[in-house]
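Two complexes, one shared chain (subunit A), two partners (subunit B, subunit C).
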Partner chain A sequence: MSRSALILTRLALLAMVLAAWEWLPRWAIVNAALLPPLSDVLAMFVTILGRSQVQEAVAVTAGEVVLAFMFAVPIGACVGVLVAESEYFGQIFRPMLFYVFSIPKSIFLPMFILVFGIGFAQKVAYAAFSTVFIVIMSAAAAVGSVKADHVLVARSYGATRAQVLTRVYVPSMLPFLLETLRISMIFNLTGVMIAEMYASRSGIGQLIASWGENFQMPQLFAGVMLLAAAAIAFNETVRWLEARCSTWRT
Partner chain B sequence: MRPAPATVRRLIFVLMLVLWELVPRAGLLPELFLPSLSRTLGVLMHNWAEYAHALTVTLYEVVLAMLIACGAGILIGAVIGGLSRVRQLLLPVFSSLYAVPIVILYPIFTAWLGVGSQSKIAFAGVYGFFPVMLSTAAGIQSIDQNFLVAARSMGASLPQQITRVVIPASMPTVLAGLRLGGALALIGVIVSEMLTAAAGIGYLVSKYRTVLDSPRVFAAILVILVLSVLFDALARWVERRALAWQTAGRREPGLPVEETYTGTTVPA
Partner chain C sequence: MQHVANLSELRAKEVHAAAIEVAELSHVYLGRDGKVPALEDISLTVGAGRFVVIVGPSGCGKTSLLMMMAGLRRPTSGTILCAGRPIDVPDPDRVGVVFQEASLFPWLTALENIEFPLSIRHAPRLERRRRAEAMLNLVGLAGFGARYPHELSGGMKQRVSIARGLVQDPPVLLMDEPFAALDEQTRMTMGHELLRIWSQTNKTVVFVTHSLTEAVYLADEVLVMSPRPGRIIDRAEVTLPRPRTYEMMATDVFGRLRERIWQKIRKVT
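Entry: the complex of A and B
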């Protein structure tokens, strides 16, 4: 299939899904109290965007997300480089890191609440904690992607350490680093959302949880839509950058 | 001569247990923040019936969620991976959707299905579905086409091609996906039990946290940690057994199954 045909088919599928969302509740095939029609949700989306309560929540959540990201990424990247560059450290910690992925990080939320109290710092700390492991793993994978041959050639031509770093490591790692940022942001956002939904007084996650508890379905769907749109927009932007940074490879 | 990595790992593990016991005892951290290991184990023994009951609820939800995640994941993954039209059409859509933190959908599940087990099973099933689906699609897609050509030229029928070539060749990726999907189903159940529930081991964490009963919170955390260790070990064992034929004839036996890090992990 050609590119335009693909895009057209995807748009047609999207239109079908949206039409079903609009008309199934309208024709009472599904209960409109459980799935409000799309137009109601969109109207609510515009309404909640205008509410100061929602704007404040978005600001709080954005602050938590950005701050947690700024803690998790540098720490995780340093540890990741260490694990990848030192074979010995790698052999010790790699299996442990893989194991950490099967643990639900949310079980440590009570500890964060006890130490920091319920608030901004606790959300940031928990989100950074839940993100740091994936940063370590993908940073290690990024370093591993640098070809030993390239480093060898650069060294044998007399490149200094700094030159090897800027001319070999950085260009080969760039697409992987962006991938690291992209995946870490997904984890980070999830961490903030879980922390806000679990125990919180502010933030978009707390609003979503309380709309759900109070059966305010149009608000709930509008909130989910808002967050999903933000997440997809960030993800697609980084993916676009990734594609641009790796064009020289092929 | 540096000690073997496995020895260092064991030492770190023992050291963590010792610190868990000694740090609260020495008064470096208040019991409220971290009750000592012996105290936690004591509480766990003493309230065994309560924890065992919660564990059965959780396990029931986890097993059903895994069935949903793995069943739907393998089926849809096979369709998407096997049919190039569908793959071109839908795979980019799924990887875009993957950016959305699935946990925000949980309030919708509780509103639709109530606070009982159904909402946890459905949520955790969706949570584990994506990695299974994506890795099945990748596994089917990555089959060496020469295998299929060889099978066809020797007159294999379509069912034979599927059972003798496609399934064995895609096995490693699919099994890695199942391990990931299973772990995520477990994580999904625990997360959802912590958020809104009336039973289960995650619920115990939340319930005792609100009354600041730290030893009971840590007893539940300990049970969850052991549960996820056991699941991981079991899944790796199955993987090794099922893939033993791949390395059977080779000189170096016991090559570890390549850790598949494909970016299809899902946050928790």
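Entry: the complex of A and C
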């Protein structure tokens, strides 16, 4: 299939889904109270974006997401590289990390509430906690992409340990680290959303939960749309960077 | 004082006539069943400007020996002198190394790969570029500097590797089976090219291979190693004139030398 035909097919599919969303409730084939027509949701989307309550919620959530990410990614990357590179730390911590990684993080949410309350700090702490393990795992795996031959070459030309790290490890791992960034953001967003929807006084997750409880379906769908747009935008940006940084991976 | 300085300088030059001296080198590593002798009582001298090839079956420790000459590994006992001084850490001023295939950094262009040793030592950018370009010309790749390794053929990649090994102008070039992954024709061409580069640059070359034809074709002297433990069991002086030509491979001298080395290796494997 040619590229233009592929794009056309994708657009046609999207148009069909959106048309179904618009017309199925309008023709009363599905209950409009449960699935409001697309045009209503879009109108509501514009309306809620203008509301200060929503803007504040978005700001709070964005702050939580960014801060949690800034804790989870560097810490996770360092621990991951350490566990993969140092036999000593690897042998000690690897089993424990694998055990904790396998546990669904949401069951720890009540404990985070007991320790941090239900405010900003609790969202950040819980999201960072639920993200850090996937970062550790992928960073440790990324170390495997560093070739021993390349390290040897660098050493033979007199590279110091720091130079081996920056000149061989970082470029070897970069495409994998970007992938890590992308996947860990999914975990991070999920963490913040779950924490907000479970118990919170602010944030977009809390709004979505309360719209749902109050049966305000257009608002609910508009909120979902907002979050989906943000998540997709981040994901695609990093994917684009990944493609640019890995032209040599062929 | 002046007199003494001159004298020691003279001595340094005298020693320098030997580019590499290995004395009573042994290496033991810890395997699953205890200590395994990998290299035993190796002594050899490589004269400055000579082309010495080490051959031997796999597992004879020829690559290990080369890595020790590069200062990348430490022997259990014995000494290695390079230009009269011990080498126990890598010293790119004295030794350049060319590895087996795929040792180029895939995220750097050919030119950047050649510049790598210089950039490790923070050489000025212009100087780096100038010398890398000169090396690229030397190995016959002018105009290919902007290509990434995956855009180059196997032979071209090894040309870049050789250029990278030579860019700091070390007196000694160590080569670890650099053409092993190439097809037969490319391999012959690359051997010939290497001899051209060698004669243009006056380097001392220690070349490890398991191809006997390649060994005899390239070398002034062939050292034959036995496996487990690695020992030097034969030294063959190659008396063929230089420059070498492909036709020489069909001569009696060539055939006899190759046969002699083969018989030695056959006995120990």
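The rule is short, and it goes like this: the second predicted complex is superposed on the first by the 235 of 250 C-alpha atoms of A that agree within 3 Å, B and C clash if a C-alpha of one lies under 4 Å from a C-alpha of the other, contacts with A are read in each partner's own complex, and residues count from 1 in each chain.
Operating definition for what follows: a residue touches a chain if its C-beta (ideal position, glycine included) is under 8 Å from a C-beta of that chain, and two chains touch if they have at least 3 such contacts.
What you see is a predicted model; the values in this text were computed from it and never measured.
When both complexes are superposed on subunit A, subunit B and subunit C fit side by side without a clash. Contacts of A:91 after superposition on the shared chain: subunit B is touched, whereas subunit C is not. In the superposed model, A:34 lies in contact with subunit B only, and not with subunit C.
For the three-chain arrangement built by superposition, the Cα-centre angle with subunit A at its corner and subunit B and subunit C at its ends equals 90°, in steps of 10.
In the superposition on chain A, A:231 makes contact with subunit B only, while subunit C stays out of contact range.
Within the superposed three-chain model, A:9 lies in touch with subunit B and out of touch with subunit C [touch as defined at top]. Counting the residues of subunit A that each partner touches, subunit B and subunit C differ, and the larger count belongs to B. Using the contact criterion defined above for the overlaid structures, shared-chain residue A:167 touches subunit C, although it does not reach subunit B. Of the two partner chains, neither subunit B nor subunit C is touched by A:117.
In the superposition on chain A, contact is made by A:152 with subunit C only, not with subunit B.
For the pair subunit B and subunit C, the least inter-chain C-alpha distance in the overlaid model is 14 Å. Shared interface residues of subunit A (contacting subunit B in one complex, subunit C in the other): none.
Residues 70-72, 90-92, 95, 97, 99-100, 102-103, 105-107, 116-117, 120-121, 148-150, 168 of subunit C touch subunit A in their complex.
Taken together, the subunit A residues at the contact with subunit B in this complex read 1, 6, 9-10, 13, 34, 88, 91-92, 95-96, 98-99, 101-111, 113-115, 130-131, 134, 137-138, 141, 179, 182-183, 186-191, 193-194, 197-198, 205, 208-209, 211-213, 215, 217, 220-221, 223-224, 227-228, 231-232, 234-236.
Of all the residues in subunit B, the ones that touch subunit A in their complex are 2, 5, 8-9, 12, 32-34, 85, 88-89, 93, 96-108, 110-112, 180, 183, 186-187, 190-191, 194-196, 202, 205-206, 209, 214, 217, 220-221, 224-225, 228-229, 231-232, 259, 261, 263, 265, 267-268. By the touch criterion given at the top, residues 147, 149-150, 152-159, 163, 167-168, 171-172, 174, 247-250 of subunit A touch subunit C in their complex.
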